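After the structure tokens below, expect a handful of questions from me.
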Amino acid sequence: MMSGFNLYKYSSPATFYALAGRLIPWFYGAAALLGAAGLYVSFFLAPTDFQQSEAYRIIFIHVPAAWMSMFIYIVMAGWAALGLAFNTRLSFMMASALAPTGAMLTFVSLWTGALWGKPTWGAWWVWDARLTSELILFFLYLGFMALQAAIDDPRRADRAGALIALVGVVNVPIIYFSVKWWNTLHQGASVSLTKAPSMAAVMLAGMLVMALAVWMYAIAAALSRVRCIILERERNSQWVAQMLEAEE
Amino acid sequence: MNAISALLRRELTLAMRRRGDVLTVLFFFVIVASLFPLGVGPEPKLLRLMGGGVVWVAALLAAMLSLGRLFAADYADGTLEQLILTPTPPVAWITGKILAHWLVSGVPLILMAPVLGIQFGLSGAELAVLMSSLLLGTPVLSLIGAIGAALTLGLRGGGVLVSLLVLPLYIPVLIFGAGAVDGAISGLGSEAHLSLLGGILILAFMLTPWAVAAALRISIE
Amino acid sequence: MLEGKDLTCVRGERTLFSHLDFVLREGELLLVQGANGSGKTSLLRMACGLLAPEFGEISWRGEKIGAARETYHAEMIYFGHAPAVKEDLSAFENLDLACRLAGAPAGRDDVKGALGHLGLGHCLDLPAKSLSQGQRRRVALARLLLTRARLWILDEPLTALDQAALQLVQSLLGEHLSKGGMVMLTTHQPVAIPGVEPKTVQLC
Amino acid sequence: MNWQTWSEFIHMGGYALYVWGSFGVTALLIAGEIVLLGAHRRKALTLARRTVQYGKAERL
Amino acid sequence: MNAISALLRRELTLAMRRRGDVLTVLFFFVIVASLFPLGVGPEPKLLRLMGGGVVWVAALLAAMLSLGRLFAADYADGTLEQLILTPTPPVAWITGKILAHWLVSGVPLILMAPVLGIQFGLSGAELAVLMSSLLLGTPVLSLIGAIGAALTLGLRGGGVLVSLLVLPLYIPVLIFGAGAVDGAISGLGSEAHLSLLGGILILAFMLTPWAVAAALRISIE
Amino acid sequence: MLEGKDLTCVRGERTLFSHLDFVLREGELLLVQGANGSGKTSLLRMACGLLAPEFGEISWRGEKIGAARETYHAEMIYFGHAPAVKEDLSAFENLDLACRLAGAPAGRDDVKGALGHLGLGHCLDLPAKSLSQGQRRRVALARLLLTRARLWILDEPLTALDQAALQLVQSLLGEHLSKGGMVMLTTHQPVAIPGVEPKTVQLC
């Protein structure tokens, strides 16, 4: 009676739930190891910068967070597009699961940037193009989450969220270039980090390791969250009942 | 007294259950304040001069948009009639509701204001003045706004209409609030402005609940 | 005793009724009847004091209800078209708060008992938005079990209720009347309360 | 090795507030998110358990 | 085609019957723009520098508030379903509706803008640039806003929510619009900004009706 | 021919129905029955294409309705819970515009005739907001007199109507069916159309 495709569609969150459960510890583990390595590089291998002294060490959390905040938005929009195209519930759930982590990392990059700006530029905040677009990215995340929170019907919440994520991703380049242009027309504060050539390699390595750690963490967090969402959505289904009974 | 504290608890519980609505107003405040530098340009000196005014205008607009929550839900589901029919004097529970509204939509603005102030390059002392002016001013916004909210209950186009009724009444608060911050920036001092704001607050606190009670009676007929 | 004298009601530009009189004494049931839009709800809201009559006046124990507001409201309960149930609060919280706001807080067990009596025992803690229309109205009706008000003003309390709940409400009304309470009621459904001959007000 | 003593490490060349403010808040946020995820999971599980019990009760 | 022109006529007739709503948005625009001189102080040089930005921010906020009218009434009374069920392709009538919305709520802003510009001390040529930037920009506001309006149909707290969704997307329009005016004031020229605005308009005109159609389908389920 | 195969409907987190099949052929009346909240409206909206089924598909003359959107909509008329009557337009303007938007403009006299037929002849030019609930629904129903659609999907068209209007609608339905039209209908009231044996779909 049920076609193979339907069966696949129904069972997919169930299998994914179990799969995610098995993967999560590994990603957390990888995040912890990479994080430890990254912190070691940041604080012990990377030498002191002769201009900024120790303040520049913020780069090791700031840049990875900034990279990941943008990357996660793109991944989120990708899942949203998949969901809209193929009507797979799991894709929508992945998109919703990524948003809070992405917003958190955006906030981290704003926060660390501000803390870096005070000693280097003498101001917590300037209306520089890059800063402004990161701020707008934060608003885009918040809009996505607020819209989903306001809709009670999960099906509508999924689709509406997916659409706004896609609209946002089309707009992000436009926003980025407009902000850039806006800023360079006036004289803005110029960000330039002076670094000795020998330092560059260590710094790059540190940032890359930290970025990988953040990446692993983001995957782990998103998978944990998607498991919660699956459980909430599928709580009426057979497999959840069976799973809960098996646990007892 | 018991009824009022029950009402306050209820309002705060409801706000917690609907956290999204509260946060949305807060972020509206942040976004509107951030629009200005984008419109006006990133010049730090110019922005510093505008800072107080912009944060205040954003607070005005956010307060105005949050008025929709004050009575509309209670009106729609019949709770408002029930409140009117309690033995508690209307002025008492109306004050309670306005207080709850301020706690939920005014206080977060005050707490968020320094962040915005920093974006405009305000210094520590100026931020303190900004926060005190908001502390004295936002309750007035809730009080005056309640009159508009009560009068437009159930009317179509309520959102825009309420802004038309309420914004002109907000202007004194804006002038003294932003004036306090300007005074701090220019070194002229801000006590005068702040004490005027305090005066308006006391006046509004004593008068508006009566006006709101009258407005609610009219709207509920 | 609730008494309305020479009442006229104008809504928009239409006069719905004029020169209407009614008297409601202890132990009496007053049934307000009429077609859709004939002004039943308007009359009940007048009796509550929510709507001022164009002419005429309403008095409670001989005092005008506008003047005796506090005592009147303490002795009166109104049940309108809207159930006054908050979607985000649970059935328990809704009922508990309604009693507190009315100035007559009830104990936890009484509240639970009232809800259980109306068949809501198993969904005390669900937010009201996941209750069906009929269940929400039951939450609102549960107030009648806890109130000590003498005068009940009920606007179509029977809509959206199934047979069992209907019986329950009728027996509640009967009990209240037999204890000397007063009830002012509109409904489009037939009501039969043993041993009570309702007075009627006919609007048209 | 950049640091001779712990206090030097903590002091961060005078930028302790900024550096530890960054790393510390980040750590707090991550820890907070993990705690919230745990709470979310517990909530989802109780919700699911309750739903399953309801379902059983209804079928009986 | 016939259906679209009927729709346009209907929208304009309705707007005429509900003149109050149209005027309210216009007054909101004027009030918000006038709040700034009050908040920031009367310094003419400062005001002139801010002028373009402030008028543009006010236009953004007014456009945002007017979005409530775009689909909400049709959704509530069932007309929206009927429109979806007509044989006319959705993109066609959606474009028609957005056009009507712009005529009713965007064009009055453009016509009112010079009055506000004068308050900020803008000169004739600068006013012309302000108006052209609004002419190119306000349709984009209606187009992008329609997506937000469609997505939030029937949601509680819709008004504030739509602002959170839509304001960040409005930022490029704000930047280029206000940039054009600034360019005129500073003598750097405003052609580049205006042509970028034109580009955004074309892009938005081609893409957003599809997104709105998708959003409406989602919301109407 | 309208055909639904293996339909499943999920609203919120509840599955309202699953594996539902129906076929509606020329000259047939399909009555969708069920209690409040059982999913009748949802099924009708699926049949219109307003709501996508969770599984299963609906086809019109053998083509999926999603693919054949334009031809399907040109041959179908839907009448939902909301009457789609604009309060600020007059009865005449409302009906006239509804026809134009549906791509089948009707002459002035036809529109007036239809409204007159439904007993609205004397209030053609009143704005709809001053019409009563029942009169508004009549304005909406007048579309059935002017449409050339083969398939009518009607969601509780009989509510708020008085006896005369009820007869009129039933005779309209009979006429449409006898000309080979198709009708999909929900109602809580009894319908009797002479010479027509309705098929039923029972939801629960």
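Letters are used for the chains, namely A, B, C, D, E and F, taken in the order the chains are written, and counting of residues starts over at 1 for each.
The criterion applied here is as follows: a residue touches a chain if its C-beta (ideal position, glycine included) is under 8 Å from a C-beta of that chain, and two chains touch if they have at least 3 such contacts.
Small disclaimer: the values here were computed from a predicted structure and weren't measured.
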Touching both chain A and chain F (chains): E
Which two chains share the largest set of C-beta contact pairs: B-E
Chain at maximum distance from chain F, centres defined as averaged CA atoms: D
Relative to chain A, chain with the most remote C-alpha centre: C
Distance from the mean Cα position of chain D to that of chain B, given in whole angstrom: 33
Distance between the centres, which are taken as Cα means, of chain F and chain D, whole angstrom: 54
Between chain A and chain D, centroid-to-centroid distance (C-alpha), Å: 16
Centre distance in Å when chain B and chain E are each reduced to the mean of their C-alpha atoms: 26
For chain D, residues that touch 2 or more chains besides their own: none
Chain B, residues touching no fewer than two other chains: 18, 20, 24, 27, 31, 38, 41, 73
Chain A: positions in contact with at least two other chains: 139, 142, 146, 150, 152-153, 155, 179, 182, 235-236
Interface residues, chain A side, partner chain B - complex: 114, 123-128, 132, 135, 139, 142, 146, 149-150, 179, 182-183, 186, 188
Contact footprint of chain C on chain B as seen in their complex: 2-3, 6-7, 10, 13-14, 17-18, 73, 76-79, 81-89, 93, 220-221
Contact set on chain D toward chain A in their complex: 1-3, 9, 12-15, 17-19, 21-23, 25-26, 29-30, 33-34, 37, 40-41, 43-45, 47-49, 51-52, 55
Residues on chain C engaged by chain B in the complex (per definition of touch): 48-52, 70-71, 73-74, 76, 78, 80-89, 93, 97-98, 100-103, 105, 127
Contacting residues of chain E [partner chain B, same complex]: 18, 20-21, 24-25, 27-28, 31-32, 35-36, 38-41, 43, 46, 49-50, 52-54, 56-57, 60-61, 65-66, 68-69, 73, 156-157, 159-161, 163-164, 167-168, 171, 174-175, 178, 182
